[in-house]
Structure formats: structure tokens, C-alpha cells
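The two complexes that follow have chain A in common; it is paired with chain B in the first and with chain C in the second.
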Partner chain A sequence: MTAAGFLLPAAVGICLFSILPIAQALRISFFDYSLLSPQQTATGLENYERAWADPVFQIALRNTLLYTGLLVCVQTGAALALALLLKQRVAGLAFFRSAFFVPVVTSLVVVSTVWKLMYNSQGFLNGLLSTLGLSPQPFLASTTQALPSLVVMSVWKDVGFYMLIFLAGLQAISVELYESAAIDGTTRWQSFTRITLPLLRRAAVFVVVVGTISAFKIFTPVYLMTDGGPADSTMVLVFYIFRTAFRYFEMGYASAMSFILLAIVLVLTLVQFRLLRTTVEY
Partner chain B sequence: MPTRSRLQRTATKSTLYLMLGGLTLAWVTPYVWMLASSLRPQAEIFQYVTPLSWKTFVPQSFTLASYRELFALVPFPFSRYVFNSIFVALSVTTLSLIVNALAAYAFARLEFPGRSVLFAVFLSTMIVPFEVLAIPLYLQIRSFGWVNTYQALIIPWIANPLGIFLLRQFFQEIPRELEEAARIDGCSYVGAFRHVVIPNSIPALVAFALIRFQASWDAFLWPLIAAPSAEKRVIQVAIASFVTEVQTRWDLTFAASVVATLPVAAAFLVLQRYYVQGVVMSGLKG
Partner chain C sequence: MTLRPPSGVLAALIFFLALQTASAQQKITLRFWMSADPALEAAMDALLQEYAKANPTIAVQRDAFPFNEYHQKLATAFAAGEPPDAFWMDVRTAAFAAQGSLLVLERYLTPQNKEDIIASGLIEPVWKGRLYGVPMHELTEGLFVNRTMFEEAGIKIPQRLNEAWTWDQFVEIAKQLTKRTGDRTDVWGFGVLRHLSDWSILPILEQNNATPLSPDLKKATGYFNSTAAVEAWRWYQDLFVKHKVISVDPIPEGFPAGKIAIFQAPSTYRAVLDKRYPDFKYAVVPMFKAKRCAVTAGGWNVSIATRTKNPDAAWSLVDSLTRVQHAAWVRTSGYLPVRKSLLQREPTYRQYPWNIFTEQLQQCAVHRPPTAAYNFLFDTVLAVAKDVAVGRDVQKVLDDAAVRLDGALARGGR
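Presenting the complex of A and B:
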């Protein structure tokens, strides 16, 4: 059968490296399974109960929510503002667009590394602050500033991507709508709130939901810049899962926490589909 | 009052360019600082940061020493990690183009029982983020004996449901008549795929290839878990090891960051058109 030939390689790949591992992980999340000891014992829901009661897990969950909430608000607003700026028939559009987009195609490892040094006590940002006559800040070394510092870096890295989505959304709005609105005597602010915003809804939902899901999975900046600290102030879910699995080798517990993460992501994805289905048509 | 409105418009335009200029500066400065720091001796890196001046961005004793040292490191020079990254990214890109285009074609054109169910199953695996998959996938490749091998870095990333979805959309828009003509001329399905579908899908294939290459080049969590040994280390893991293990050699770290950034940034600038299309494609249709 021809179709089978065309499909076989992809099907084998998806089964072997996606479906089977997920099934396997679900199984071991109900086991006390450590790479350090050969025996696995079934423990029912114990791993999930442990997560529920684990203070570090709770801190990680709270930090992840805080990071995600802050990032998505700032990033969505900034991306929309940038897209609207670039929509103003700017000369050199391609140049500005590229400038904002280069961090999107720079690896997160490089971005985290450079920003870690920018946030350093003698780094670029403190140089800038003292040149402006302001007092130096501890940034990553402070329990209150570390998480917001990660948010600022993430906005800098990803805003170009979301800006592009908004730009595509803006370009899809027909000019005639604005023209007929102008004939009807609407102000610019009215045409922005009554035409632009409602028609950008689909793009906005995408930006918010994709932004939320990807923020939830933050790992690399924490691994490279803060190691979860200071004092667990940047401890986030994926980093805690990674540490449990690959520093303490507790695969069962780490798998259970992965499934809690998956449950959260699933809920967010369902919300996305729900919101995307109701789009405004003009 | 036409003059006043013209004045107003000029003012608005100037404000606009001032804002854009300032923002662009904030986006470009970290790159300039990275490049400048990689071209100066270690001792100079933080020396001219306070107060900020042109000296912050122009090396006072220009040197390529950090690059020379980087490419002469023992046990492996940095070129080893560059090679590993290029080899892995090219393999993933090539194999993933072939495998996913074939599957996408089957879903777009061939009739077979259970087609929509299978398609739904493929797509549903997209919902599971890699971060959830990392642990079971590690156990899987460990049971294959693949830890610290190229297979571990390449093979799990070939089949890609998002790619199948995007290419299927694109293939469906190719007029059926083109293929039917080829079939009447005696082409097999494989022949029609090669001679009609592929040549008509170049923009989509390039966009997908770029997305895959970049994803592989930037990947960090998986290679960190699956191939941490120095021999199979990829460029991102190597840079991370400078940051977390070596710690004090910021000159080497900056030089390595430049090496990891340049090829992708250059490819992006050359192929921007396809890339932007890919982003919009995966953004609005995905």
C-alpha cells in the first residue's frame, strides 16, 4: 500500500519518541523509581501527593505563575505597541523589523549568557545606571529583582516574534474599513478601539496563549543565570523537575511533576481553542 | 491651517523616529557589547563599562586572542562543538524534510482508511511540550544505549507533527490537475511527489527547513541531558559549560557566543523573506 510507505517513517518516529515515552512516563509517575537504585516499587498516587505537600514545588509553581503573568502582560503590550509603531509607514521598516527580530533567532543560551554579564555587579547595566547618576542595582543577586530581571530579558528576546504576528494581523485588516469609518466621522482613537482591536483578536489570542505556554516552560535562563536562586526566588517548575530528575535521579517524582505541568499546559491549550473558535468577522 | 498641520505631522514623525531609534539602540547594544568584549583582553571587559563612553564599545587593545584560544582548547577545540552542532542540525533538517514531506503528502492526497484519525493522533502529540517528554525520552534512549551519541541528538527530532501539518496545508493548495497530468504520463505516486509536488512547494519547504535548523541549533535542554560528554557536546552546551563550570573566562565565553550567533543571524538576514513567512505560517495557521 502506497500510503503506508509514505507514512511509515513519520509514524515510527512519533510512536517511538513521543507516544511510547509519554505512556511510559505516566506509568513511572506512579512508581518510586530512582536511577540510583535498581528496584521500582509501585506507590500509587504518592508522588502526586508529595508534590502537593512539597514546599519547593509550591514555590516553583508560584514563581512560574508570577513569571508567566508578568511576562505575558508586558510582552503582549510591547509587541502590540511595536507593531502599531511600525505600521505608521516608517521608512526603513525592514531595518527596524530585523533589529527587533534578531534576538528571536539568537539562541536562548547566548542571550542568557550575555544578559547574565549585563546584569553583573560591574556589568553593562550598572555602568549605564551610574553614568546616569543612579545607584547600582543587584539585579540577579537580589531575591526581589531576580525574577523581574528574567522577565525583562525574555521580553527583549521574544517581543520581535509576537510583534510580527501582530503586524501580520494588522496587514490583514482592510484599509476600506478605516476609510468608511473616517467618512462616518470617527476619531482615530475610536477607529483604533472599534476596528483595530476587535479585528486583532485572533492574533492577540495567539500571542497570549503561545506566550503563556512558552513562559510556563522557562528553563534555560534559570539554569544559566540564577540556578533557581537566590533563595529559591527564581525556582520554576521545569528547572525543579530537571533538578529532581538529573541531579537527584528521582525519575518517578520528576515524572509526576511533569504530568502536573502537562495538565496545566493542556488546560491552557483548550482555552486557546475555545477562544480561537469565536472570532469576530466584519 | 495647512502649515500648522504640516508642522504637527513633522513633529509626530520625529517623535516616531526618536522612539524607534531609542528602542533599536536597546535591541542592538547587547550585540555590540558582546562583539566588542570578545575582541579585547579579559582584563579590559569590565574596565570601561563605568562610566559608559565610546571606549565601552571599542576595544582599547584589540586582540583576537580569545578566538585563537577558543579554537585551541584541550581536550577539544571549540571547532569540535561547532562541527557537532552543524552535523546534528543539518541531519535533523534534511531527514525531517524528507520524512515529514512524505507523510504530509499522504495526508494531503492519498486515500486510505483511518486517515483523519491518524492525522488527529499525530497532531495531538504536539500538545505535549518537550519539557514533559524530556525524562521519558531520556529513559528511552538510555535503554537503547544511545546516551552521548549522535543518534540521540538526531533521531528523536526527525518526525515533526507541526511540519506535517504545515506542509499538508501547502500541498493541498497545489492544483490536483498538475499531478493527474503526471500520473497519466505514467508517473507513480512517488514520481508525482518528486516531480510535481516538491518543485511547487519550495517556499514552504525552505521555511520549514529554516525553522528546523534553528530549533536544532538552539536546542539546549535535550543535548544537555542526552549528550553531555565533551566529545558529543553541541555548541550551546559548550557555552553553558563556560558559564556554569569555567565561570571566570568571560573573554572565551563572549567569543563562543559570537561564533554561535553569527551563522544563524547571517542565514536569517539572507533568507529573511522565507523565515518571516514561516513564522507567520506557524503563527496564524498553526
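Presenting the complex of A and C:
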């Protein structure tokens, strides 16, 4: 009874502010409902059927998957590399750890605005290329460079956070294991692949799963930097859902797309948990 | 012992409370929303103070939101069932009217009142022949030129509408004024305040006798991608790609900073320049023209929510802002008059440089299509402009966009 009493406030909060709105959104996804009018017309699965036939939805889905794949691969690799570097006893360690973490605590709106200026045709990056004698790049104005440009910015922004996760994982690995392996004559590469990587698996699961969920929700940089263009090359799901709901006022269709996104993220997360699960203990 | 107040005091207290309650019941509070802008809000507050003096039983609670989130805030307020009583509305009137959110105002607007409004002011607040708003003012565009650069280059500055440059003349002047050092552009010949937006591009289409949508606003294919539209978009693309007289990325404050020689901007830009850069030497010239002159016109109207509990009081506010205090509003806000009586009465609007805007307004005004799918059209034109500016195939970009627009128009703008 006491436990239930303690749980009650949190349970009520979750019901009121999470479960009920989600249930309401699910209900709306089966209706034709404009934000400007209280009138709702039941349409069955029409909104879901429309999503699968909508070429912009398909482009947004493809771009989101591409962005997520690129981001998670680059981000995880970079975070692991940085964690391995910063695990060494090098001068200025505290400074580097802080420096890599500063972008994480910086507002994404600020970061997006600054990077937009840097990617500008006359911005810092093109100035740098020009100084090096290289030709200027269109970056956000190019259909092939815009999405990778967003990936680069997102990696810069979040790599510090994932680096800390890996760093914590690395510090939890007993030094004795490496010493024993060294006595057995293993190379550094063998130590890395046979000891470090298997024992970092739990940290890696966290990094990949959280990174994937976060990547699927990309919105702010697209909203501030590219508006989904050029030629829909950065049109991603959450931005398209936002635009449908709050620019075109089609709440029913936007809700349906939200639930498709939820289903995709759920399935991907379960697959990742399955693929990355570990029983390795030394 | 119990203390009891004297009966006279008790009676006075009851009378006072009753008086307060009656007064509170009679006093109406109207919620009024507008787009945020410090100068406009100050001008609006002055109007509201005058309104309060004339209407002591009505209190107005004014709120303002930045333009980028204004319509979204409004939509959310409607969804929550708590819209403001009266509010600023623009070309998106149709989207709100189509959902039954706006009050039809014909029963309030007298024939004399309506007759006083110039034709251009009665396009955007009308949907399916019904009036859903009354214009506060009109807004149109012109070309602002750097007088020093023009004098140094020995280029004559046109001061009348019939002296407007043709497309070819404009390109030659913009090329002449563009200055480069190697790959770097020091001065761009041309720039646009509402960069890549439908507001700025629509005149180019119309100057070539193209329109974005069919006359009934139901179809884009055959109009958005017509031969005339493709020609106009190609001319626009050449400014970026072939002649390189305009930057793809906007250059903030580029005109007063001397980085842009000719700047396409709304008529209200004059007030901005005069206030922020009083020493900057500039002149206003008419928009360039092709087969005909064309320049976008529009502005804020005031609408009333269907759900208002006080439609008559809301109308009295609308009437005060749009008719009674119209002269005060345009004088302090920097917008153009929308009423014939004021245009005739005030000679300033017939003199340079105002004459450029007022003549354009009366002879060349074109309007953004007042369709319920306007937001979709706006986003589509912006995306097309970005693609065209970076050199993508105009015909393909327009064909793809027209198909999408057809879909949005068929869904009734939803």
C-alpha cells in the first residue's frame, strides 16, 4: 500500500502527460482533423494508406534512414576513438575531455545557426578551402552534400556525450585483463578486439540505441538550416510531420505518420538490442 | 460579546459590491492578436488607447507573436477552442475561413465603407466571394538603389513608373554594378529582402504573363509550369547562375553596408533605412518590368473569430482600427493607405518617392493566390526558388512542383 502510494503521483503524471496524449494522437490518426476546426471525420486507415503512397513521405523516410545510418556509424566510431585517446595519460587530459563535451551542453539552435553561417557560400569553411587553394563547396545548397553536412554538424555536437559513455565503459575494464593478455604475448590490436570491444558491448548498445532514437528525431537543424531542401534532400520524417501538422494543419495525417515513425523506431531498437546483446563476462 | 457593524455601513458595503459586480458584468474584454514588431506594437497601442477612450466599456488585451510563429500560435489557439476575438490575418484567410473559423463581415461593413477601400485591399480577405477581414493598410515593393554607386557609375535613377527598367536594362545595370575580386564578390548588383519567397518572385512570373495557379485556384499543372512561367524562372535563374549578380545566400544588412547595389524590398523598408541608417544615401525606383509591370501587394487585415462571444464589440474594434484611425495607423506604421479617401486627401502619396509605390499599387498590383492551400504554395515556391537559384533544371523542378501542388489543391488546401 505504501509503495503504491509513493508510485501514485508519478503514475498519474505519466498517464496524464504521456499515455493519454499518445492515445489521443492514435485516435486522431484515424480521423480527418484540421487544427483550425473542432470537426473530426472518421477515415479508418486512410491516413496510413496515404503515407505509403505519399512520395514526400517516402523521401523523408529514406533520408531519415540514411541520416541515421551515417550518423550512428560515424558518431559511434568517433566517440570510441576519442574515448580510447583520452584514456591515455596525456598532458591536458581534463581540458580535452571538457573541450569535447562543450558542444553537448550548447543549445542545438545556437549550434545550427552557427554551422549554417559556417556552411554559407562566403562562410568560414569556404574561406578555409579558399585559403588552402581548394574550390568552394555548396554544402547546404547541394542535393548531395546537404545531408552529409548535417551529419557532420550532429557528430560534432553529440560525439562528446557518447565519448563519455565509452570512457566510463573503458575505465570499468580491469587492467589485470590487459596485463594477463600481455604476459600471454597478445598484440595491442588483439587486446583491443578480444578484450576491449567485447567488454564495451553494453556501452555500445547504449550508444547505438540512444544514437539511433535521437537521429530518428532530427528536427531542429533541418528546420533552421535547410527547410528540408534542396530538392527534398534533407526532408526528414519529424520535419515533415511538423510541417503537415502545424503548417498545413492536417493533424490526422501527421498523427498517422508519427505512429509509423514510432513503429519503425520500436522495431529498430528491438533489433539492435537483439544483435548487440552480450553474455561476455571475464 | 459580539461586535456588529452599524446597519448603515453594511448597506453601503452591499451597495458598493453590487455596483462593482454590475460594472464587471458590463465591461467586455476583447483579446486582440497581431504580429510582433516593436515599432508596430507601439503604433497599435496608441490606436488602442484612442479606442479605449471612445469605448470605456470595452477593454482590449493585446498580444503579439513573431511572424514566423504567428499563424501557428493562432492555429493552436483555435484548436484549443480559445482563439482571440479579433486578430491580424493575411493571405492565409482562406485556410482559416475554409474551416469555418472566421466570421463573415459583410453584415457589418457598410457599402460606403467598402467603397472607400481600394480594389487591391479586397483580394486577400475574401474567400469564395465572402469577406472575412478588413484591411489595415497596403504593402507593396520597389527597388531601393544605392545613390552613391549610381552617381559614380553615371546611371540615371528613374523616378516615375513609366521610366521603370525592362528586364534587359535591369540586368545590364546589375552587371555593371557588381564588383568582384577574383572569385570573391565585393558588391552584388542585386539583392532581395524577402529572399527566394513567393512575395518577391510572383511579380517576375506576372511580368511575363504567367500565373502560379489557374484562375479558380484549383490547378497548378499548366500554370505553375507553363511556357511563360518557365521563361520567367529561367530569367530569374540567370541572375544567380549566368550573370552572377545576386547571392544564393542572403546577405544580412547588405544593402546599407554597401554590399548590394539594388535591393528589392517592401515599401516599409524606407522607415527602417531612415531610422537605422540616417546617413545612408538611397533612392526608390519602380520594379523592373517585362511584358507588363507587376508588383506584389498585400498586407494585414483584421478578422474576427467565429467563436467570439462579443461579435459586435469585436467589430467596433475592427472598424476603429481599419477606418476611424486608418490615417493615424499608416502615418505611424509606415504602411501605405488602403483607403481612397486618404490617398486623395494626402498629397504626400502623390509625390516622390511615395508616388512610386502608390502608382504601382493602382496599376501593377498582383496578389499571392488566396487559396486555402497557401502555406503549401509558399513552401513549394520557396523550395523551387532554392533549386532554381543553384542551377537545377527549371522545367523539371516546376513540373515536379506542379504535381505536388495539384495534390494539395485537390485536398482543398488541407
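What we mean here is this: the second predicted complex is superposed on the first by the 263 of 282 C-alpha atoms of A that agree within 3 Å, B and C clash if a C-alpha of one lies under 4 Å from a C-alpha of the other, contacts with A are read in each partner's own complex, and residues count from 1 in each chain.
Heads up, the rule we're going with is that a residue touches a chain if its C-beta (ideal position, glycine included) is under 8 Å from a C-beta of that chain, and two chains touch if they have at least 3 such contacts.
Values in this document were obtained by computation on a predicted structure and should not be read as measured data.
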Query raised in the report: If you stack the two complexes on chain A, which partner ends up touching A:248: first (chain B), second (chain C), both, or neither?
Result: second
Query raised in the report: After superposition on the shared chain, which partner residues are touched by A:232: those of chain B (first), chain C (second), both, or neither?
Result: second
Query raised in the report: Which holds for A:69: it touches chain B only (first), chain C only (second), both, or neither?
Result: neither
**Report entry** Contacts of A:130 with chain B and chain C, given as first, second, both or neither
**Finding:** both
Query raised in the report: After superposition on the shared chain, which partner residues are touched by A:141: those of chain B (first), chain C (second), both, or neither?
Result: second
Query raised in the report: Comparing chain C with chain B, which touches more residues belonging to chain A?
Result: B
Query raised in the report: After superposition on the shared chain, which partner residues are touched by A:120: those of chain B (first), chain C (second), both, or neither?
Result: both
Query raised in the report: Which partner does A:37 contact after superposing on A: first (chain B), second (chain C), both, neither?
Result: second
Report summary line: Shared chain A footprint, chain B vs chain C, residue numbers 120, 122, 130, 227, 246, 251
Report summary line: In the complex, chain B touches chain A at residues 16-17, 19-20, 23-24, 26-31, 33-34, 37, 46, 49-52, 56, 98-100, 102-103, 105-106, 110-112, 115, 118, 121-122, 125, 127-140, 155-156, 158-159, 161, 164, 189-190, 214, 217-218, 220-221, 224-225, 236, 239-240, 242-244, 250, 253-254, 257, 260-261, 264-265, 268-269, 272, 275-276, 279-280, 283-284
Query raised in the report: Can you list the chain A residues touching chain B in their complex?
Result: 1-4, 6-7, 9-14, 16-22, 24-25, 28, 82, 85-86, 88, 90, 94-96, 98-103, 105-110, 112-118, 120, 122-124, 126-128, 130-131, 156, 160-161, 164-165, 168-169, 202-203, 206, 210, 213, 217, 219-220, 223-224, 227, 238, 241-242, 245-246, 251, 254-255, 258-259, 261-262, 265-266, 269
Requested in this report: Using the touch definition up top, name the residues of chain C that touch chain A in the complex.
Outcome: 72, 75-76, 78-79, 81, 95-96, 99-101, 183-185, 247-249, 373, 375-376, 379, 382-383, 386-387, 389-390, 392, 397, 404, 408, 413-414
Requested in this report: Could you pull out which chain A residues touch chain C in their complex?
Outcome: 32, 34-39, 56, 120-122, 130, 136, 138, 141-142, 227-232, 243, 246-251
